[in-house]
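Structures incoming, each one as structure tokens.
Presented sequentially are two complexes of chain A, the first with chain B as partner and the second with chain C.
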Partner chain A sequence: MQQKLKSTLENYAFVLPAVTIFFIFYVIPFIWVFQLGLYDWDGILPTKIFVGMDNFKEIIFQDKIWWQSMLNAGYMTAIALTFQNILAFLLALACDREIRMKNFYRLIFFIPPVLSEVVVGLVWQWILDGNYGLLNSWLAHFGMQNLVHNWLSDPQTALTAVAAVHSWKGFGWGFLLFLAGLQIIPRELYEAARVDGANAWVSFKKITLPMMVPVIIMVAILTILGTMQVFVLINTMTDGGPAYHTEVPVTRIFASMRGSSRFGYACAQGIIFGIILMALSFTQYRLSKKARN
Partner chain B sequence: MRSSGYYKIKKVTINLVIHLFLIAVAVTCIFPILWMVSSSLKTQATVFRDSSLIPQVLHFENYLRAWNEGGFAVYFFNSIIYTVSVVFGIIIVSSLAAYAFSRLQFPGKNIIFYVFMAAMMIPIPGSFVVLYVLLNKLHLLNSRLGYILCLINVGLSMSIFLLKNFFDKLPRELEDAARIDGCSKLGIWWHVALPFAKPALAVVVVFNALNVWNEYMLALIIFDSKNLMPLQRALMMFRGEFLTNYPLLMAGLTITAFPIIIVYLLMQKYIVKGITSEVVSG
Partner chain C sequence: MKVFLRSTVIGLLGCLACGLSGCTPQNSGKGQAKITVWHWMTDRDAVFQKLAKDYEQKTGIKVNFELYAPSDVYSQKVRAAAQGNNLPDIFGILGEKRDFSSFIKAGHILDLTPYMEESKGAWKNKFFDKALAINEFAVGNSYGIKSGIYGVPIDMMTIQMLYNKDLFKELGLNPNKPPQTFSEFLEIGKKIKEKNLQGLVSGWGEVWMIDCFANNYAFNIMGKDKVMATIQGKVSYTDPDWIKVLTLFKEMQESGVLATGLVTMINKKAEQLFANGKAVFAFNGSWCVNVYKGMDPNLNYGAMLPPRANDKLPMSIWGGAGSSFLVNANSRNKEEAVKFLQWFTDKDQQAYLSQMINNLPANKESIKQLPGLLAQFSKDTEYATHPNLWEVSEFPAVIEAWDKGIQSIIIAEKTPEQVAEDVQKVKERELARKRK
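Take a look at the complex of A and B:
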């Protein structure tokens, strides 16, 4: 009996370090977010004022910039879901063929994703710079003077420019996942289809697409979660400007915390945002499942 | 009837079009990096006018200046410390836990495991706010230890998941043989399970190393002192100070990106494996 107890305790000891770290740095913050969301607190003074749902009401009914930031992130996500993922899918299809240098292409396409967002943001900020940037000097050089302008400080182009850079950095992820998905489709299926006289388009529609549905759902959900939570790229390229045009939810949460020292408010924003993210990926999952049947 | 020549030409044309498309995208991927390196070799006087990719005079002294005056020697060293400590911590902590989840019996095992897995799925976007409060209480703000512990936690779930899947494939006979030889559980973990899991450990190491090296958000929250900052955090600081000194900034960016690109080129296999593991495992 004692032997057995000792053995069980030993087994617990194996997970103890992981559970301790996880409890302190994940579980406690998780609970505190919900608790702090009900308070008005500057993060420093010991006095916390209980305000109930006031933070949530203020965010939902009064915080226009918050919802603007949500729309901005939604816009970036729409671009990522369409342009970025379609590009990734086409590239994966191209590299799934018997084609030379496909390992080389795969190697190159995944370079932007391994670079840090800070590096990517600062390099592109330099390329898009309004006065001395490379893009403008090329446009001028090739006689497109009328297109030259300040990409990142013009409200009309700032968000799209950041979204394009985000897609540039991200398409390699989708590409790799799509390619892995394409490669596990049994080749016999295609051969059988060819024997039956199906052309390339028919076998794409009848074999490739249906087999790829799980991967497509996965990439879509990862894209939504990743893009909605964009922060570093914004922080390095525009810092939310010009005039809130590139604010996203995480920059708003950060601003509530650092800028206006409203920790409770920041937590409430985090909760609302978390719920929206869960709802989005759940909806996406359900829709895709429906489309599959 | 169309001749076989027609099909040959058609095939060549299609392949050509595909290659052109792939090459265009590949160039788009690489060019900004080349431009970064190119700008880092110009001077403050030429960087705004000279739009050539290979400048006539290469000013390597920018790197020396960034390294010494810009403080990148310190930041580089910091990033190395954080990356090595976090990866080491993750390997030990997650492999112990993964081994237990895979091979040992104790009440509540499955629940604990699923909580770890749920943490991978549930986003808490505001967690950095609370992490700041927590670290403040623990007197771990602006400290190396605080940053390291937070990042160990970040990599934990994913690493446990990957390693547990691998330990599940460990043959019973290997374990039994070790047990008969008088190995304790800890001994089996160290002498049998870890060597067996080398391919998965490689994925965990490379993956987490990339994540830690590239981490910015937590470094932004945690560090005030320059001498503790990792590269990513320092770059933003640096930009604030040397506002339009692009050659120096680009040299700093190159110093930051260079190790990652090298590691990626050498360890490509493991990175791809880590990312695609979920697709392939269904």
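Take a look at the complex of A and C:
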């Protein structure tokens, strides 16, 4: 009995450092943030006014801009889930084959994700600039004057432009994960399928796609979480403008803290946003699991 | 196993001890005082360091200027330090007067009035009234702060309009006669459109500059009293005068006097466009003299007040103290910090600072040798006002709705009337929240 207890304690001792760190840096801050969400506080004064669930109610029932920002992030996520991930998957498929310079392509495709988001945002802002931007200059040069546009200042195109840059910046992660997934599919399966007369499309449909489902689920969840939390690109490219057209939840939380000095409100926004993200990830996971089964 | 357990416990205790040591107040050491100053002014850091060396040579007291940029990062750092009681001896606040008052209420800022009033107000009298006013709380102020002076201005600024004289000539205009009225300004917009040039550039993507521009015209159209009454909730934003202010933006957009992409333009980009001779007008602060000089020393431009929309009331511009330093009330070195600031704002140091970075000094005695354009900026401080000088301040949510609403007018998404209604709704919501 004593031996068993000792063994159990030993096992707990091994996970204790990780659990302690998790508790200090994740659980306690989460509780504090929730607690602050119940107060009206400017972040400076030592006194806080308890307002109960008022901040949460205001966000849910009155703050239209908050929900618009959620929709904007949802739109960006939809683009990332489709355009970005399909591109990443296709490129991974291409690089999984025996093609020349495949290592070079792998390196190239992974450059955008490792670049600083601030630098990427500023460079693309310059490229998409309505007055002297590179994109407009190229369009004009190649005779497509009618396409010359104020990409970031027009509400019709601003969010899509930022979403496209976000997808460009992020597709490398998906590419890497898809490539890793493709490389662990046993080659014998393809050989057997070929012997049975399956063409490339049938092999893709019957072998590649089913085998890749776990990776696709993981990439989709990471894409949702990453895109919903986009901030730096928005901050450097449009700062949420024009008007509220490129506002996303994190820029709103930041605005509540920085602009309005409503720390309690910002904390409540953070909690609501966190719950929505968890719900989205869980739903996505359940749906994908159902589809896989 | 025992060894493992022991090392784990020791490790965790070590981490805890290291973490706690980070909370120790600065400058707790004994001996010669060392003053720490936090600032965000990238362009001035080298000059500050030089002045710190001079001070050390003179007094033996080391002054350590620590730069934290950009300003957003600096601002968050100061707030976090205030929470942890880790503020340095001298620091600045970037924010509204409401934030300033919260820092005072929290006991972080030293009341400098006794030092300012010493020797018949010798220190106080060195400053321009408008430079000092931003750091002052009057008797019976609405923030509930004990009246007094809580900060030291280190420079002054005004935000006004600039025009490119060469482009004026290209447009067939007199380069020494900038537009005086709003209709003249709009007429130039038509010429700008014809010549396919860019009109007014400014950092209107960073919305506070829109607020500044709109406020100028609010004062010009309805006067200060009505603006203050609106902030107090006695006048609605749907009042015809406020709609007139919003309509100016619609008129500017329609006339072609605004540069394309203005609504998401950051000020740095605006400065580049103006300095490169691509834009006819700029709306910028007096710091631009140094910026433009760095970008193109031969840029041929002039400064002007925003063209009047109403002849009956004066035009106002934002201005007053540019940056201010505050003394940490809990600092062990507060006496030394005050002495340093007294030296730092003395005539010679202010003149040096002004000369090196082309800004407007806060010290009256240092203003004599200002170059032409800075002299013009300095002269225009007589028209200066600033939200931090007003007795009341608007809710940040209302300011945001107002500024973003103006962006909506410029992109032709909303009418001035719609924006006015939206702003008033936010105002009523905030008033209701305050009443709770």
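Things to note:
The rule is simple: the second predicted complex is superposed on the first by the 265 of 293 C-alpha atoms of A that agree within 3 Å, B and C clash if a C-alpha of one lies under 4 Å from a C-alpha of the other, contacts with A are read in each partner's own complex, and residues count from 1 in each chain.
Throughout what follows, a contact is a pair of C-beta atoms (placed from the backbone, for glycine too) under 8 Å apart; a residue touches a chain by one contact, two chains touch by 3 or more.
The structure displayed is predicted, hence computed values, not measured ones.
Annotation: superposed three-chain arrangement on chain A; chain B versus chain C shows a clash. Of the two partner chains placed by superposition, only chain B is touched by A:Cys267; chain C is not. When the shared chain is aligned, chain B comes close enough to touch A:Ile111, but chain C does not. Once chain A of one complex is fitted onto chain A of the other, the partner contacts of A:Arg97 are limited to chain B, with no touch recorded for chain C.
Residue contacts after overlaying the shared chain place A:Gln284 against neither chain B nor chain C.
When the two structures are aligned on the shared chain, A:Gly43 is found in touch with chain B and with chain C. When the two complexes are superposed, the chain touching more residues of chain A, out of chain B and chain C, is B. Contact with both chain B and chain C is seen for A:Tyr132 once the two complexes are overlaid on the shared chain.
In the superposed model, A:Glu10 lies in contact with both chain B and chain C.
Clashing C-alpha atoms with chain B appear in just one stretch of chain C from the list 8-16, 44-52, 80-88 or 188-196: 80-88. The residues of chain A shared by its contacts with chain B and with chain C are 10, 17, 43, 131-132. Every residue of chain C that touches chain A in the complex is listed here, in rising order: 1, 4-5, 8, 11-12, 72, 75-76, 79, 82-83, 95, 98-99, 102-103, 105-108, 198, 205-207, 259-266, 269, 273, 278, 395-397, 399-400, 404-405, 407-408, 410-411, 413, 429, 433, 436.
Within the complex formed with chain C, the residues of chain A that make contact are 10, 13, 16-17, 20, 42-46, 51, 54, 58, 62, 129-132, 150, 152-155, 158, 237-239, 241-244, 255, 258-262. Taken in their complex, chain A has these residues touching chain B: 8, 10-12, 14-15, 17-19, 21-22, 24-26, 28-30, 32-33, 36, 43, 87, 90-91, 94-95, 97, 99-101, 104-112, 114-120, 122-124, 126-127, 131-132, 134, 137-138, 141, 168, 172-173, 176-177, 180-181, 184, 214-215, 218, 225, 229, 231-232, 235-236, 249-250, 253-254, 257, 263, 266-267, 269-271, 273-274, 277-278. Touching chain A in their complex are the following residues of chain B: 15, 18-19, 21-22, 25-26, 28-30, 32-33, 35-36, 39, 47-48, 51, 92-94, 96-97, 99-101, 104-107, 112, 115-116, 119, 122-134, 136, 149-150, 152-153, 156-157, 160, 185, 189, 210, 213-214, 216-217, 220, 232, 235-236, 239, 246, 249-250, 253, 256-257, 260-261, 264-265, 268, 271-272, 275-276, 278-280, 282.
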